[in-house]
Structures are given as structure tokens and as C-alpha cells.
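Have a look at these structures, which come just after this line.
Consider the two complexes below, in which chain A is the common component and chain B and chain C are the respective partners.
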Partner chain A sequence: MGFKLDYLLSILPRLISAAAVNLRLAVIIMLLALVLGTALTIVRSRKIAAVNACIAVVISFVRGTPLLIQIFIAYYVLPAVGLDLSPEVAGVSAIAFNSMVFVSESMRGGLATIDAGQIEASTALGLPPHAIWLKVVLPQLFRRIVPVLINEATIVVKGTALLSVITVVDVLRTSQQIASSSYRPFETMIGSALVFLVINLAISLSGRLAERRFAAARA
Partner chain B sequence: MSAVPVLRVSNLTKRFHGVTTLDQVYLDVHAGQIVALIGPSGCGKSTLLRCLTWLEQPDDGFIEVAGKPLGRELMPGGVVRRHSRRQIDALRPQVGIVFQQFHLWPHMTALENVVRPQTVVLGRSRDEATRRGAELLMRLGLADRMDRHPHALSGGQKQRVAIARALAMDPALMLFDEPTSALDPELVGEVLAVLRTLADIGMTMLVVTHEIGFAASLADRIAFMDRGRILEEGPARDILAAPKEPRLQSFLDLVRTDHRIVRTTANPTE
Partner chain C sequence: MHFDPAILVDYWPLLLQGAWLTLQVSVAALLLGYAAGIAVALIALTPGWLPRLVAGFYVEILRNIPFIIILFVVYYGLPFWGIRLPATLVGTVALALFASAYYAEIVRAAILALPRGQFESARAIGMSPANAMWHVVAPQILRALVPPSTNMTLTMMKESAVLSSITVPELTYQSLVVQGNTFAPFEVFAAVASIYWLIAAAIAEASRRLERRVGAVQAEAVSRNRIADRYLSLVARRT
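Let's turn to the complex of A and B:
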């Protein structure tokens, strides 16, 4: 059974419409990861020993276990403790939680490169702590970690394919359904790979543009 | 002139890990005065400035800015009450500080550096803050640099933006931490000129410096600090011409010889 380009072209419309699911979930996940990751970074920066020890345990769990297992835990284990989530919600929560940790880790790295003198200058001017975070620290931090965030966004997009195993009908699951009825896995898998590749190339490209724009504002 | 000093420091003491950096410091600065704080490095000059903005918490003693206690106050009955961060922040704009390294915000333009604290801290409208910021930057000779980010400014320009940023808060007192040390030696005259323009508008200033010549040509009064204490304080001319304290005497001798060395090595052909 050889490769047929016209078959690939014929299934692309279905794959592209399924990609809307991946894109929608990826956007929600990234927004959640950014908000939660920022919150986590601020909590960690307060250096409360007991809190940071708990966070360290959670982080080592997230970093040390496969994302697929984390997704399974969200979908199959959480109902046992009374949290019965739909496949999409469970999947989004699992990946967002995972991504939050990576966002927070890279923010923590970036935080060390922000000159403490700026924070002192802000304090001396009378800026309250929340204003120092919002106006001084975070704007610089986000600009500095744009490359890392772009990388994380591509990982999140790829991660959404894993949600096919908990019955989210995404690009991968759609292509599996097509393959199982047509017995043509070659074209369908190539097709779904192409869809992800195009999305991630677009993300990398826009990331590079954003980086260039922010470069001017960097010290 | 009002009798209440713009800055009153009494019995200020600060220890770091058992080392006394500030040892019962007393200092009054009256409205319109320029006081230079001199002394050997490590004598506590910068620590004193940091305490005056509460970036460092003194272990003992009191600070009053225009009659209002900063950080902690003595209540009737001898009880010392500590202020909350909010109370301290409310008084902080009264004390402008210009750091040695300026510490401008690199992600904002020069104008935005001056505008932002006014809107955030004083609650001024954007229009009003922009007007005030532009006016200050213009007066400091930065009319054509307002839209630049700090990395595109020279050291002297950054310093003037930092000065404008502090002045925009309408402080009662301006503190300068070694204003000449981060700049090229030929800019010392420029810094002097800028500080003089501030003096002309009646700004009260406390300037930490180790350049005696700079202190002599700028200050009305000089305070000499050594090992965490202010040993001698008085009119600039008297202090430099007739120091009473032996340690000040030897410090001045040392600094003056140093200057001669610097001069001869700078111009070996002379």
C-alpha cells in the first residue's frame, strides 16, 4: 500500500477542522499556565519555607512523571476523590498544571536576572508591592522569557494530541478514526503530523517576531 | 524658615550580624540646605541613606521627615510604634533618592520612567503626570531624550532622568548616593551644575560623596562620618579649613594627597 497524495489532500479538510479543537485547548492551557505560573512564582518569591517545600514536592512530581500519566490521573483518578471532570476539562487541567510548573521555573530563572536595585528604587519611590510586580518586574520578566514561552507553547500544542487517549476528538483521534475505516494509516498519520507542524511553525515564527520587537526595550 | 527641620535623625543605630554600621547617628537638615556627608568607605554613609528611605530598617532611633515620623514613632508614654508598609509607603515619596547606579526601569522610556510613579503612587492623571515629567526633563536638558529607553542614554543622562523621577514626586528632601562615582571624571562639573539648579529652586539635599572638592563647592554644611558615627558637622568652610576632630583631619589629609597623586598620574607630562 503506497502513499497517495490525493488521498492525503482529501482528508486534510477534516483534520484541519479537528485542529480547531487542539488550538482552542492549547490557547486555554497556555493562558491558564501563564496566570497560574505567574501566581506560583509570586508565591514562591515570598520565600515562606513551608510553602516552598510543598511546592517543591509538587514540582518534582510534575517534572519527574510523564505528562500522559498526569492526564490519566486527572481523568481516571480524580473522579475517585469526587472530581468528575469531562475529558476536555480533565485534559486541560492536567496539561495546564504541568505547563504552569515549567512557566514558573523559567520565570524564577528570569527573576534572578532582574536587577534588585530597580526593585529598591521602586520601593523608595513608594510603589506598593503589587505595583512593583505589575509595572516593573512582570513586564520585564515576560519579555525576557518570550523564547521559553514560545517553546512551552509548542510543547503544549503537541501535548494536546495526548488528549486523544481520553476520548477528546482532536486531530490525532480524528486521523485514527479515518485510518481505522480506510486502512490507510500512512496518509492519515502524515496528515496529522503536518497539521501540528504547521501550527508550531506559525507559533515559532510569531515568537521570533515578538522577540525582535521586545529586543529594543531590553537593557 | 520654619523651625521644623526637613530631616531629623536621632539616635539612629543599625547593626548587621553584630557589626554596628550606624552608631547613634544624630543629624538635622533644614529647609534649603545642602549637606554633604563625607567619610571613608565603609563608614556607614550609604547605610544611612538606605535607612532614610527605609530600605534598611534601623534597629534603633527615629527618623522624621518634615516633622512626620518615618518607620516608627515614639508614642506618648514611651511606647515605640512600628509603622506598616502602607504607612511607610505613604511617606516615601517625600524622600527622593538618586542611587549610584540610578536604577531606571529599562523597559520604559525616559519620560515613562518619570510619569509612571506619579500615576501609580500619587494618583495623578496621566496628562498631569506627563506634563510634570516633560517639564522636569526639559529643565534638566533632556527635551530631546524623552522617548529614549535608558540603554540609549549616557550615564549623565540616566542620572538626570533618575533625578527627574524623584523630583516628580515633589519630595521635601533629596538624597544622592555618590552622584559622581558612576560617571566619567569630566562629568563631575555637569553633576555639580545639575545639583546647583536644584539648589536654586530651594531643594533640600543630603549628598553622600567622597569627593572633597565636590562637597566643598556644593554644600552649605558638611557632616563627617567614621565608623558609623557622625563625628563632626558644621558649615562647609569651617569643616574643611579648621577640622577639630583628628580623624577628620587625617581623612582630609589622605584625600588631598590622593588627589595630588591622581592629578600627577593623569597628566604625567605636566
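Let's turn to the complex of A and C:
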């Protein structure tokens, strides 16, 4: 049997509408990861030994275990401790938690590139800590880590495909449903691959444009 | 709810078998993927727009599609072209394919970071391109390759969990089997997460040893002061 391009084109509309699910979840995850990652970074900057030791263990856990296992933990283990989450919520929590750690780790790297004189000046001016964070450190930090965050966004989009494993009807699960009735899994999978390719290339491209604007704004 | 590791007593062999397969698949995909990655990097650096374009497509396509979808494309694609392989082999090939795109970028970046004169002088004294690469470029980029390659290998080992979805009996697959038999998700996933954690730690340790052999890249010392450290550093100052 040959490759059926017309079949591939006929299923694309269904895959594209399923992509709305991946996109919506990815946006929620990224927002959560940014907010939680920033909060985690600020907590870590307080350098309370016991707290930072616990956070270090959590970070090592998140970085040392597969995202799929983290999703299974949210999906299977949390209900056992009384937190009965829908597949979507469980999946979003798992990926957001994972991404939070990566956001905080890239912020750690970004912080080291900020000029110490900025903090000295703000401290000498008597700015309160929250103002130093919000007005001095974070705006510069976010600009510097835009490339990393864009990369993280594509990783999050790719991560949402894993949610099909816990029954979220996303692009991948939709394509599996289509394939089970059409018996053309290869073309169907190529279709979902194309959908993800387009989404992620669009994210990378807009990221590059944003970078250029930020670079121009700084000059 | 309580935590009862005794539930797993009968299932440890299954989990260990799974962990062993995860290791084997990861090592095979590392070797295969790195070989392919070096080839793609060299193609990308060949003069002329066509090789660069082809290598660029290869890398961008593989890096922008979720691994689980690459896996299914290979899984359904091979039979489509008349090739039938056992699931474990299919999974290893897909994993190597996925990792090769990232290894290619790592190798390419390391070669580009080396001053061009190195390769050109080697060519000027009459070495063939292959000899210049092997005797002049390769030894110099080795140390720069270790840290990013380790990161990628860790990522790849973790992605191998996805092979469970095409029934490769690796660690994640076995964990789902045990979970189905025991209905003890807490114990099962705690055990499995710990095993992955151990494998990751082993890979990181192996890389540290390798780094010591090839000579570690010196981390840049950051000159800081106490006031700035309150905001710009996340680790306590050692005094």
C-alpha cells in the first residue's frame, strides 16, 4: 500500500482542532511554571539551609526521573492520598511542576549574569526587597532568559503529547482514534508530527523575533 | 494511607529486569545516536548549501516533534515499508534517531567553537580532511563535548520511559504491569522513580569521571559581594 497524501490531508482538520487542546494546556502550564518558578527562585535566594536542602532534593528528583513517571505519579498516586484530579488537571500539574524546576534552574544561571552594582545601588537607595526583585532583578532576568524560556515552551508543548497516555484527548490520542478506524496509522502519525512541527517552529520563530526586539530595546 | 514496601517483594525481579532493559536500550541508543549525530554534524559543516540544508532539516524536524510521536512514526512506518522488527529494536532505533539530532547540534557547536585556523592549518600542511578532523579537531573538542552530551544522554535515558507505549518491557512498562497487579501506585512509582534516579546518578557519575580524564572545562569564577549575593546567588556563601 502506498502513502495516501489525500487521506493525510483529509484528517488534518481534525488534528488541528485537537491541537487546540495541546496549545491550551501548554499555555496554562507555561504560565504556572513561570509564576511558580519565579517564586521558587526567590525562596531559594533566601538561602535558608533546611529549605534549600529540601528544594535541592526535589530538583534532583524532577531532573532525575522521566516526565512520564511524574505524570503517572500525579495520575495514579495523588488520588490514593485523597487528591482526585481529572486527567487534564493531573497532567497539567505534573508538567507544570517539572517545568517550574527547569525555569528556576535557568533563572539561577541568569542571575549570575546580572551586574552586582545594580543590587548595591538599589540597596544604597534603600529600596525594599520586593521592589528590588520586581523593579530591578526580574525585568532584566526575564529578558536574559527569553531564549531558554522559548526552548522550555517547545519542551512543554512536546510534553503535552504524553498526556494522551493518561487519556487526555489531545493530538496524539485523536490520531490514535482516527487510526483505529481507518487502519492508516502511518499517515495519521505523520499528520500529528506535522501539527507539532508547525506549532514548535512557530514558537521558535516568534521567540527569535522577540529576542531581536529585546536586544534592540537594550541597545 | 500507609506505605508498605512489602507489597513489592514479589515484583522486584520484574522491576530489575525492566531497569536492566532501560540501561541496555539507553546505551545502545547512545552509541547509535552519537554515531549518527557525528555524521549529521559533519554533513552540516560540509561546504555548500545543500548538505547544510539537509542536515538542518534533519535536526529541526526531530527536535520539534515530541519523542512519543517520533516513536509511533517509526513504529508504524517500518512495517509500512515492509520492515518488521521486534518492539525493543524499534524503540532503540527511534530513541537513537531522536538523540542523534541533539548530539549532532552538540558536536557541530563544539567544532564551530574551535578556531577555524586549526582545521585550515592541518589542511595546509597536507593532512586530508578526515585526518585533520580526527587528529587535530577531535582531540581538542572532546572536553567541550562531555557536559552537554551527558545532559542529552540523561534526557534520552528518561525519554526511554516512553517506549512503554509500544510495549517494550523496560522499567516504566514493568511499573505499569506491577501497578496493575498490586493496585499500590505509591509503592510502585516510588520504587520506579528511585531506580530511574539511581540510573541518572550513575550516568552523572560516569560523566564526572570521564570529565576528569579529558580535563574539565574550568567554570568561570564569579566575583560577587555579600550584598549582591542576597539576590543574585541561590547558594549560601562558603566562608
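Just so we're on the same page, the second predicted complex is superposed on the first by the 216 of 219 C-alpha atoms of A that agree within 3 Å, B and C clash if a C-alpha of one lies under 4 Å from a C-alpha of the other, contacts with A are read in each partner's own complex, and residues count from 1 in each chain.
Just so we're on the same page, a contact is a pair of C-beta atoms (placed from the backbone, for glycine too) under 8 Å apart; a residue touches a chain by one contact, two chains touch by 3 or more.
Note that the structure is a prediction, hence the values are computed from the model and not measured.
Engineer: In the superposed model built on chain A, check whether chain B and chain C fit or clash.
Structural biologist: In the superposition, chain B and chain C stay clear of each other.
Engineer: In the superposed arrangement, which partner chain does A:63 touch: chain B (first), chain C (second), both, or neither?
Structural biologist: second
Engineer: For chain A, which side has the bigger count of touched residues, chain B or chain C?
Structural biologist: C
Engineer: With both complexes overlaid on chain A, does A:128 touch chain B (first), chain C (second), both or neither?
Structural biologist: first
Engineer: Name the contact category of A:53: first (chain B only), second (chain C only), both, or neither.
Structural biologist: Neither partner.
Engineer: Just checking: does A:120 make contact with chain B only, chain C only, both, or neither of them? Give me first, second, both or neither.
Structural biologist: Once the two structures are laid over each other on A, A:120 reaches both partners.
Engineer: For A:185, select first, second, both or neither according to whether it touches chain B, chain C, the two together, or no partner.
Structural biologist: second
Engineer: Looking at the overlay, does A:143 come into contact with chain B only (first), chain C only (second), both, or neither?
Structural biologist: first
Engineer: If we overlay the two complexes on their shared chain A, which of chain B and chain C does A:5 touch? Say first, second, both or neither.
Structural biologist: In the superposed model, A:5 contacts neither chain B nor chain C.
Engineer: After lining up the shared chain so the two structures overlap, which partner does A:45 touch, if you call chain B first and chain C second: first, second, both or neither?
Structural biologist: second
Engineer: Could you work out the angle between chain B and chain C as seen from chain A, using CA centres and rounding to the nearest 10 degrees?
Structural biologist: After superposition on chain A, the angle is 100 degrees.
Engineer: Just to confirm the value: shortest Cα separation between chain B and chain C in the superposed three-chain model, in whole Å.
Structural biologist: 7
Engineer: Taking the two structures together, which residues of chain A meet both chain B and chain C?
Structural biologist: 117-118, 120, 123
Engineer: With touch defined as at the start, can you tell me which chain C residues reach chain A in the complex?
Structural biologist: Those residues of chain C that touch chain A are 1, 60-61, 64-70, 72-73, 76-77, 80, 154, 158-162, 164-165, 172, 175-176, 179, 185-186, 189, 192-193, 196-197, 200-201, 222-225, 227-228, 230-236.
Engineer: Help me check something: in the complex, which residues belonging to chain B touch chain A?
Structural biologist: Within the complex, chain B touches chain A at residues 53, 55, 85-86, 89-93, 95, 97, 99, 101-107, 116-117, 120-121, 149-151, 162, 165-166, 169.
Engineer: Residues of chain A touching chain C in their complex?
Structural biologist: Against chain C, the touching part of chain A is residues 1, 3, 41, 44-45, 47, 49, 52, 60-61, 63-69, 72-73, 76-77, 80-82, 108, 111-112, 114, 116-120, 123, 132-133, 137, 154, 157-159, 161-162, 164-165, 172, 179, 185-186, 189-190, 192-193, 196-197, 200-201, 204.
Engineer: So in the complex, the part of chain A that touches chain B is made up of which residues?
Structural biologist: These residues of chain A touch chain B: 115, 117-118, 120-129, 131, 135-136, 139-140, 143, 216-219.
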